[in-house]
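Worksheet: the structure to be examined is printed underneath.
By letter and in written order, the chains are A, B, C and D; residue numbering begins at 1 in each of them.
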Amino acid sequence: MGEAGLELVARARSLTGLPVVTEVLTAEEIPLVAEVADCLQVGSRNMQNFRLLVAAGESGLPVLLKRGFSATYDEWLASAAYIEQTGNRQVILCERGIRTFETRTRNTLDLSAVPVMRELTDLPIIVDPSHAAGTAAWVPALASAALAVGADGLMIEAHPRPRESWCDPDQALSLEELQPIAGWVLAAAPIRGLAG
Amino acid sequence: MGEAGLELVARARSLTGLPVVTEVLTAEEIPLVAEVADCLQVGSRNMQNFRLLVAAGESGLPVLLKRGFSATYDEWLASAAYIEQTGNRQVILCERGIRTFETRTRNTLDLSAVPVMRELTDLPIIVDPSHAAGTAAWVPALASAALAVGADGLMIEAHPRPRESWCDPDQALSLEELQPIAGWVLAAAPIRGLAG
Amino acid sequence: MGEAGLELVARARSLTGLPVVTEVLTAEEIPLVAEVADCLQVGSRNMQNFRLLVAAGESGLPVLLKRGFSATYDEWLASAAYIEQTGNRQVILCERGIRTFETRTRNTLDLSAVPVMRELTDLPIIVDPSHAAGTAAWVPALASAALAVGADGLMIEAHPRPRESWCDPDQALSLEELQPIAGWVLAAAPIRGLAG
Amino acid sequence: MGEAGLELVARARSLTGLPVVTEVLTAEEIPLVAEVADCLQVGSRNMQNFRLLVAAGESGLPVLLKRGFSATYDEWLASAAYIEQTGNRQVILCERGIRTFETRTRNTLDLSAVPVMRELTDLPIIVDPSHAAGTAAWVPALASAALAVGADGLMIEAHPRPRESWCDPDQALSLEELQPIAGWVLAAAPIRGLAG
């Protein structure tokens, strides 16, 4: 992430007061990103980039670990263990769809990951239906299913004007489409024993 | 299905007053099965058995068409069209999991099938989480997700004493485990515009 | 297969003096097909059509069993066992590509099937590169690889005028393209201990 | 790679006079590795580690780019383009098996990659049957098939005493098993227009 990107993140955080999750691509950029982000994301393509996992763990920040798009549950857990062995136990797992033979969806969202991983780990598990679906129209239904299956949270792509989004405009929700989903999450939170 | 099986189905229907869905494996057995069943099921392995599809359609009974475990949405629709071209429009689609690289679950339940197929067809879509999960403990969460994603119904394996089930005992729910799921379906039905 | 099809097969066999392999789709048509064919083929979509497997076995003719496009080696062997339990041991296995995420080829030809299945069974194993590739230009290289990996034979789609083929014209070789491949098979046969 | 590893590589090269290919895992280690290696390998898990691709390209050394175990041909080409855009055109592609539903083999060797990629790129393509098979007994047959399908070379795991190999002992060939395969490569080289 370039200097301009870091400034943007810092400004967004300061203007909104919201915590920020930012993806890191290399171990080297982590110290700089850690100054402006509240949580580091390791993306699907880097799930087995072990040097990155260790460096993210050593930052001391929470790490959001996306499942590799062809990773088994066991490989995903093994990657989480790389972060945890640095002493950093704040790992959040994120299911975001796996590669299958079906081509109408960008990836196949594997919601079974939530109950199965619950048996294998105490780490929180969230779901990203946007990257799995690849099409905004299918995101609300999948978000609802993710909460129903027991996910601890959602990661959803949204944009004030989705058509103008630089990245993945087809899967971005408008803020109007995002609002009811945010309501579902708030309603689900106390049931999970989380702050409302 | 042998004669003993047919008698069993007939007796179960008469004792309970409930409609019965029964799988058919060959075109030849359809006339006999049609006398005791209210709906014919075409199983996952037969989704592209075109002679069976046509014969099931010609029975005039509703046909429950399970998705092949490696079939795309488009292949599934093509199989439904084989039934519909007999003039029988009472086809119910059933998502039951697809084959992927993940081995902890028996199959990977593809809940995206519900919103995507909704755009492609008017046929009702139900979900079978039992065959997908292969493990009873994961079925309730997946059943809940299936309703949340918009499924028109559920197909769930249950048994008064699951351990003694002749077929797939690992994935069968007890009647006590089934009961709350039945309640969810009843609660969801009016929202879908179905009779409660 | 209709009556006209059966006559065509009978005429082709009589004119050429060559043995004929013909696909069967239902148990009912087997007695008629068995009168004109020397070997019955069970296609990929029917690999788990157990009634068809048994009926093909009971014909007493050799049965060419294509691997299901999503079948594991073990499932393929289980299907062969259905035929063999009729007392008919003349089963020929045919690898024809499996479904994967790659879309440039019609299927992914799995040549590892040959050495792995060799360890698991004594049945002969042939390879069909045409259905796997889906594109004629790639067939000769894959045919050569199939022989090199130890296949006992090849099944290749060819047509005197490929563009006019009714079925799968994109993957059919011309007779000129077929000729050298036939030569490779003849050259390989004595090495395998088969008649030259 | 630690300092001890680098010294070992340097010694092996000097003792044998053979050129050395070594895997690099991070951009940072490339300058050190480049002092002792003749070719840098980017492994399957790093095929989409774009920073590593660029840094490997900028080394000026040949780069052996293994296909990601779930990468399409087009994604593989896109990764090669990352290296080539540094001005370094010495990229060697290596097919090493893809992840499928079949579990008896470690991965499914996709030999169709050779003829298909030939149409899409001028880069040389080699094949690694060892990682695909995962079992030494199947490697010679797959190596032979790889040459027959047109591969420009092979990458094969071997060890003087395979049982004592630190890494993947199940798939390592002994030197006696390796020798005939080396002979096949030498025999094939002039046919491909390479130095014998």
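In this section, a contact is a pair of C-beta atoms (placed from the backbone, for glycine too) under 8 Å apart; a residue touches a chain by one contact, two chains touch by 3 or more.
Just so it is clear, the structure is predicted and the values come from calculations on it, not from any experiment.
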If every chain is reduced to the average of its C-alpha atoms, which one ends up farthest from chain B? D
Larger contact count among B-D and C-D belongs to C-D
Which integer distance in Å separates the CA centroid of chain B from that of chain D? 47
Taking each chain's mean CA coordinate, chain C and chain D are separated, in whole Å, by 33
Junction residues of chain B - those touching two or more other chains: 70, 99-101, 103
Using the touch rule from the top, collect the residues of chain A that touch chain B in their complex. 70, 72-74, 98, 100-105, 108-112, 114-116, 119, 132-133, 137-138, 141-142, 144-150
Taking the touch rule as given, give the residues of chain A at its contact with chain D in the complex, in rising order. 25-28, 45-46, 48-51, 69-70, 99
Contacts from chain C onto chain A in the complex sit at residues 99-101, 103
